[in-house]
Every structure is written in structure tokens, then in C-alpha cells.
Amino acid sequence: MTKTNPGRFFEDYQIGQVIRHAVPRTVAEGERAMYHALYPARHALYSSDEFASASGLEGSPMDDMIAFHIVFGKTVPDVSLNAIANLGYAEGRWLKPVWPGDTLRSESEVIGLKENSNGKSGVLWVRTRGLNQMDEVVLEYVRWVMVRKRDAASPAPDAVTPELASTVAALDLVVPEGLDFSDYDFDLAGEPYRWGDYQVGEIIDHVDGVTVEEAEHMLATRLWQNTAKVHFDVTAREDGKRLIYGGHVISMARALSFNGLANAQMIVALNAGAHANPCFSGDTIRAWSEVLDKADTSAPGVGAIRLRLVAHKGAAGDHQLRGEDGKYASNILLDLDVWALMPK
Amino acid sequence: MTKTNPGRFFEDYQIGQVIRHAVPRTVAEGERAMYHALYPARHALYSSDEFASASGLEGSPMDDMIAFHIVFGKTVPDVSLNAIANLGYAEGRWLKPVWPGDTLRSESEVIGLKENSNGKSGVLWVRTRGLNQMDEVVLEYVRWVMVRKRDAASPAPDAVTPELASTVAALDLVVPEGLDFSDYDFDLAGEPYRWGDYQVGEIIDHVDGVTVEEAEHMLATRLWQNTAKVHFDVTAREDGKRLIYGGHVISMARALSFNGLANAQMIVALNAGAHANPCFSGDTIRAWSEVLDKADTSAPGVGAIRLRLVAHKGAAGDHQLRGEDGKYASNILLDLDVWALMPK
Amino acid sequence: MTKTNPGRFFEDYQIGQVIRHAVPRTVAEGERAMYHALYPARHALYSSDEFASASGLEGSPMDDMIAFHIVFGKTVPDVSLNAIANLGYAEGRWLKPVWPGDTLRSESEVIGLKENSNGKSGVLWVRTRGLNQMDEVVLEYVRWVMVRKRDAASPAPDAVTPELASTVAALDLVVPEGLDFSDYDFDLAGEPYRWGDYQVGEIIDHVDGVTVEEAEHMLATRLWQNTAKVHFDVTAREDGKRLIYGGHVISMARALSFNGLANAQMIVALNAGAHANPCFSGDTIRAWSEVLDKADTSAPGVGAIRLRLVAHKGAAGDHQLRGEDGKYASNILLDLDVWALMPK
């Protein structure tokens, strides 16, 4: 009898199944400091208790992406250990701030299954929820991945393809209780631009770049207790390279976006996302954003802005996302679609 | 007059001498987060305050290995700065949990001295105790090292070789006050296997591997305030390589052992240990365990399991610890013998 | 309209101008743990709450250099993004301890401006203050940098060169309230040498060396939210090398100085400082100190010692700071002049 976890295969999922993921995690000031060391993160609401208090919160919450990475990391052993590809995200919403001292756990419901025509793999859709110690949902999102079958001869399940919103509707965004940007200090936040200063279609080049190192992405990925071996073991892939966790690129791009979007303080929805190309140690990550939409919120002084956040490698480019063939250009690492909250 | 510490030589130790080691250390959430970033550590009791509370503790204690590394690190300037080799461990026991906010210090008593026949070095045995701010012993263990003599002409001391138990007796294991695994949540812990599912002689291959980097092992070794220069200075060894602190390999192997031993929650005794071969940056560390013994405890739902934890480098192997010559195989990094606590 | 910050040029400064720097930062146990992981820091006052309490403080404050780096890091986007060189420091004083949980922000006053004869750049002097959440100044220092002009044709401002003290007078040193070294435990601190054991002119070789890695200096520099791109982006400099933040060398040298100056517990003044040569990944940093002066303080058991702290790379040297031409020798990285507090 082997006691080590071989991961689940496509045959191991059924529609409606709910998987409680292992290893709850208490997060605190240590994770916050590590986040600041790993990424050039400077959004004031996550840097200063005073700034957060002045914005109506009880203190500085854990970065939205810390919540995401921890909730996501717990799903890996059950969802993506035998994944061939991470295909997409949808309907992601942050529902409650995560505070230092909170304990997070995750669970996922299988909402879609569709075998591929080759009979060797299939697509799995799960809706994942992150919960705190009071069983409140702090985050939810849908993710779909291509998963290997254990045995090509297994019969295909009835295909169920979930209907997913192409974007989270502005009315469905959840603004943290008490958030108030009426007395927002733009000097302390770092930039003078408010919600009204951004135009739909506008592109912001975030200018800075970070050349990434093996030690860093492994520290990050372990911090989120994500144990997919391709990130850690040089022998796990044929090319002898450690694949950088896609979430590391997300956090790097989000942090780089401070330069031009310092006031896009909180991420409240993940509309869509694609890890367009793999990222490896030695790549220099840069980012640009495009304003996709804007909406009002009922919170005082708070507007919502929908952003495409693109990470790419190599030289500052021409903001070209796709080639003539319609495919992502080879330098594109990430194409993320989010809603953020800004002062009006 | 030089004020820098040249370290102690074999002549500087006398039987019965007690050395109070320098630099007490307060440990808190920051050290816990760093530990999660440095190692793929997922044992639930050290990850979640909620899980620890449900197990009868007042919260999640600091990882047993954090306590070990900090207590050990303090001894380095007094015990092993001029050590040629770290020869062994025995009679190690964790006696009290270490909580965030505790301050640890160490002291060592010289319990054995035996000059080598070459007259250039000798073996030193010390019993080291780690104490918290209430002067409670939280950890104790015996370690022996080969230490250089300052002067080969110095007379040899009377040889004293301490009698050491080959293993800590099950009856001497100390279970943390209040620990209760009666309502253990196997889903949250990550694996279904309980104490009764493990057989003496069983071997568990932990499957995963981590390729180690210079930056990581130096971050770890400094975190424990272990300042042995071979770990940090490429010019300190003739081969120009930085030797990785043996404790880094211990923690890596322990963390990797989650996969197959997720429920071996707490390490309570260190029976023996050997750093079989040196580890360097670029090595890929893997681990396997062998069940050596089992014992009951008086705590509700808690059993004890004695494990051989082996770390090796390179490809997943044949679980061969030694060659035909009886010596450790060249790929073996660590051979550790511990008692751990599991739910029954 | 571009929203990304191009940084200020020489023309953008006026005498008397006060710049409130962005992104306040709450510091806590996480930053302390990271500091211990990044540097071989062992000064007992910053390692142990118990040791600090026994020295009359309410607990262990954040390391003086953490306060410096955070206050400094905030000035980078406003002061040195277009700097050609960091020329010097003067009149630096630590005025209040920083405690875990404090929130720091920075502001700088322009106190000097002098255009260079080439018309392409000028020297800018600023007095920077770090403030806590109660608006108390915790740290102040003067820094001067050479800054590019936006346009060589811009008229030169009236030259103002501030008069700066060559050293902070001993009477102006601020000893933290309550500090008392009457019952100092030299065993726990790690060395027996007290204030009276050091002679002006004495040189202490700190012996140890650390070979630095890209991942480490980037973690450190980001931790202080210092975003100067030369530290992160291999394409930012013509030589394709990432320049290591000068403050990383300061902290490394300060930590290495434990070996020989373990009792120089607190840094209370920065008299002067020069980053003599650039530091790159792969360099092995070593340090030596020279006692420049000594002074009494009114606090019980507390003496002040003025130290030149020199960091160099490569082999242990001859303590030669400058060549025959009067310029810094090519292996010198840092020449720092500080006042520290020691037990008498």
C-alpha cells in the first residue's frame, strides 16, 4: 500500500462533488512582511494600518492576493496535481477582508466535466471558496483545468459545461464594510490620479521591471503551501527548468502596476485570466494595464475600475497582446481581467 | 588584543563545564512565516491555530524544528566553530511547546571528552538545553562533534565517553499538555492514515523533490542565527562551495515527509541522527521514511511512531541507505531517527 | 497623458520645499524575522524581548537599520529616481525607538542645491525625517545626491550649500528613554568587552564573510519598498548587472560587526557615510571597524562609542581604506561613521 498522494485523475471527479481541501492556515504579520519582500508591493491600504483606518477599515487587511494564493494553494493537491494546463478563471470575488490572525481553508465544488476528444484527458471546472475561522466565505472563484485520465479506456462522463459570466457585473462587486475614500490622502498613497482621471481604453505602461530568481519564486510558492512539483524540482519537467507558479507572475504584475495605478487599492473581482506563456528564472517581468470599464459603487468616495493587467517578459513592448494569428504573443506571460476599487 | 571570537578548541572544554550560550531570541509569527516560505511545511498543527485548538492546544505552537534550529544555532559559536565534523545526536526530547512570543536561550554541559589517537583533535559530547523566558526546558539533546586542538602538544584529558541511550524510551516521551487527537479531522490534516495504519518495517516514499538554492539555505541558516562561516563564505572551504547547514536538510526532509506522513504531527524525540554526506546548492533533495517502532501514549487518541527519516539527493532511489561496505551510499544526505505523535 | 512616475529632476526642487513621501508602512514581527534571515544580525537588544526589558526598555525595538531602510526607501521615488550618485550622509540621529506595530512615514526638506559646472546635473541636499503614527520624529538625517537635469538649458538656481556638522556632537546623542545597562548580561550578549575596553584608534577585524546572492538583496530592497530599478532589472544598467542597494551593504556590515562589537548595541547617530564602490551578486562582503571616539552619556551604565564601519569585498585585507592617490581602494564598498551605545 502506498500512502503518498498520486493526485486525482479525471475519472475521480463527479458533478456536484465537494472537496474539502487540506491544511488550514493562520495568516499574520509574517506573511505580510514576506509579501513585501517578494513583490514590490506598495499599495498604501495594505502597507499601513493608519492609512487603512483612515479609509474606514479596522486596520490593514492582508493583501487580496495573499488570500487568493492561500486559497488557491490548498486546491492544488486535489485539483491540479495531474493537470496538463490551467485553462481559465471566472466569477472571482473577494467577499470579506482577511485580517492578521485569521485562519483560511478552502473547498471546491465540481461544476463542470468534459472529456477531450482524444480520450486521454478532460476539462474540469471547479468553484472554489475560501473560508475563514467563522466559516465566512472570504473569496470565491471558478477555475478550469485540463486533467489527465488515469486510463484512456474509462468511459466519458456526461459532458457538463457550466455557463459562466464573461465578467462579474458591477452590481455584484462587494465593497468591504466601512470602506470610505472621502478623506483619501493622495500624497501618502503615492499618486494624484483618481477614478475620474482614468478613461476606458486608456493604457498605462508600468515602466519598471523585475528579473526573477529561482529562490524567490520557490519561497513564494511554498509560502502559499502550493506544492506542485514543477515549481521546485528541476527533474520534474523534460526541459530541466522549474516552471514559475502563475500566481507569482500575477502578484509581481499587480505590484508593478503601482506605478500608474497606485490608487487602484483593492482587487474585488477576478473576471478572467490566462497564463499565456510559461515564466522561468532569469525572465524580466514588466506590466501594462488597460482600462476596460468603470462603475460607481454605493460606498462613499469609492469607484470601481475594470482593468486588464498584462505581464510580459523582455523589453518594454508595444502593448501588443496577440499576434496576427490571434494567439498570445510569445512574450506575454499573463492576461488578467479584474475589478479594483479607487477613490473618486 | 583581538576582540573577535576564534572559537573554542578541544583544550577549552572540561567535563561538567556549563556554557551559557549567547543571544537569546524572541520568536513569533515572522519566524513561522519564514519557515513556511523556506520549506514545503504543511503539518496542520503548525499551520492553523484552529486545528491546534481542536487538538487541545491553546493555539499553534512554533514548529518543533524552529525550536531545534534556534537552540542549536546558539551553540555553534561555543561548540562547533572549530569542529571538523558533526558526529551524532542522542537523547533528544521536546519537553514544552514554544509559543509565538517566547524567548529562547541555550546552555550546554560538557559530558564527554576523548582525544583522538592522532593528537590533533578530539571528540566532545555536550548535552544542550533550550530554555524559555520562564527558565523551563523546552528541548534537550546530546550532540557530539570532532573538535580541533589548539596545539597538538597539549596533554590529552582523561577520556570520558558518556553512556547514551540508543533510543529514547517510549515511556520517556513527553506529550504536550492537553494534546487530544480524539476529534482529529483527517480531511483538514490532508491524509486518512492513522497510527494503526502504519506497520513496523513499512517504507514510505515521499515522492516530491526540491532543488535547493544558495539564497535559501543562507536565509534559513541566518534565521537561526547560526553563523558557521562554511555556510556563507565561498572562500571558507577549499572547494569554493558553501556547505548547506545540516539542519536545512532536516527541515526539508521533514516537510517533504508530509506526503505519506501528514499525520505524524509533532516530533517529540530525536533518537539519533547522521549527516551522511554534504549537501550543496543545486542538489535536489528527496526523502523516504521507515517505520521503526510504535508505542502508545496516555494522551487521548495519541499514538507514538518511531521513524527513520532519510534524505537523499538525485533521482528517486531504491531506499538503499548503505553500500556493500556498510558505509552510507554517496547519495544519502541524512539519516534521522525520531519519535512523532499521530492520531490513533 | 502618462500616469507613471518619471521621477523628479534637478529643476523640480526648491530650497525650503517639503516633500511628504508616499506609502506609510506598519512594521512588526514579520519585518524583524526577515531582517534576521537577510543578515547575520545577533545584537541581543534586537533579538530578545527579555534582554531589552532587562535593559530598561518595554521590549525589543525594531532594529535601528530597519527604521533607517524604511524611512530611506520612501524617499527614493521623490529624491533619487534620477540620481546619478548618492554622495553622502550627515547629521543622522535616531530619536525614538520604533516598536512592532508602529507605522512609519517620511518627509524631506530641500536644504541645498548646487548646479554642476557641466550644466547637466546638480547636487541636491535634503533633510529627511521619519515619523511614527503619533507624528514623533524617530529618525532624521541629511543626504545629498547628484541629480540629472531635465534640460541642460534650464537656468541654474542660486547655489545653496548647507553647513553640515562633520560629526554629531556627543551631547546631541539621544539615548532611548529608560535605557539602563547597569545589569547588563555579557554572557547573553555574546562578548565580555565593555566600553572601557575599547581604545580610540583600535581596529577590530570582524573576520566573517558573506557571499551575496541576487535573490537576497532583492528581497531586502523590496522589503524596504525601495524601488530603484537598478536593483531589480538586469536591463537597467549598461553592464547588465543589478546594483546592490547600498543599505544592504550597510546592514550586512553592521551585522558582521557583531563579532568584536557584540556590545555596540544601538546605533544612535550617523555622522557620515560613503558607498565607495558598487557591490554585485557574488561579492563576498567582509567588515572591519575603527574606534574613532568615545563619550559618556547620562544614562546609567551607558557609554557612547564612535565607530568607522568599513565593508569591503574579497579577501580579508590590510585595513587600507584608500590608495596612494587618496581615493578609496577598489575593494572598499562602504565607509560609515556612526555613534553606538555600549555598556560601561
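Chains here go by letter, A, B and C, matching the order in which they are written, and residues are numbered from 1 within each.
The rule we apply is simple: contacts are C-beta pairs under 8 Å (C-beta built on N, C-alpha and C of every residue); 3 or more make two chains touch, one makes a residue touch a chain.
Each chain and its UniProt protein: A, B, C = L-erythro-3-methylmalyl-CoA dehydratase.
Source: prediction; values computed, not measured.
**Q** Nearest 5 degrees is plenty: how much rotation brings the CA atoms of chain A onto those of chain B?
**A** 120
**Q** For the two copies chain C and chain B, is the contact made of the same residues on each side, with over half of the numbers shared, or of different residues?
**A** different
**Q** Quick check: how many Å separate the C-alpha centres of chain B and chain C?
**A** One centre to the other, that is 36 Å.
**Q** Send over the residues of chain B in touch with two or more other chains.
**A** Only 28-31, 33-34, 213-216, 219 qualify.
**Q** Once bound in the complex, which stretches of chain B touch chain A?
**A** 28-34, 36-42, 44, 47-51, 60, 187-191, 193, 197, 204-211, 213-216, 219, 259-262, 284, 315
**Q** Which stretch or stretches of chain B touch chain C in the complex?
**A** So the residues of chain B touching chain C come out as 2-5, 20, 22-26, 28-31, 33-34, 77, 100-101, 103, 105, 133, 213-216, 218-220, 222-223, 225, 227, 229, 232-236, 242.
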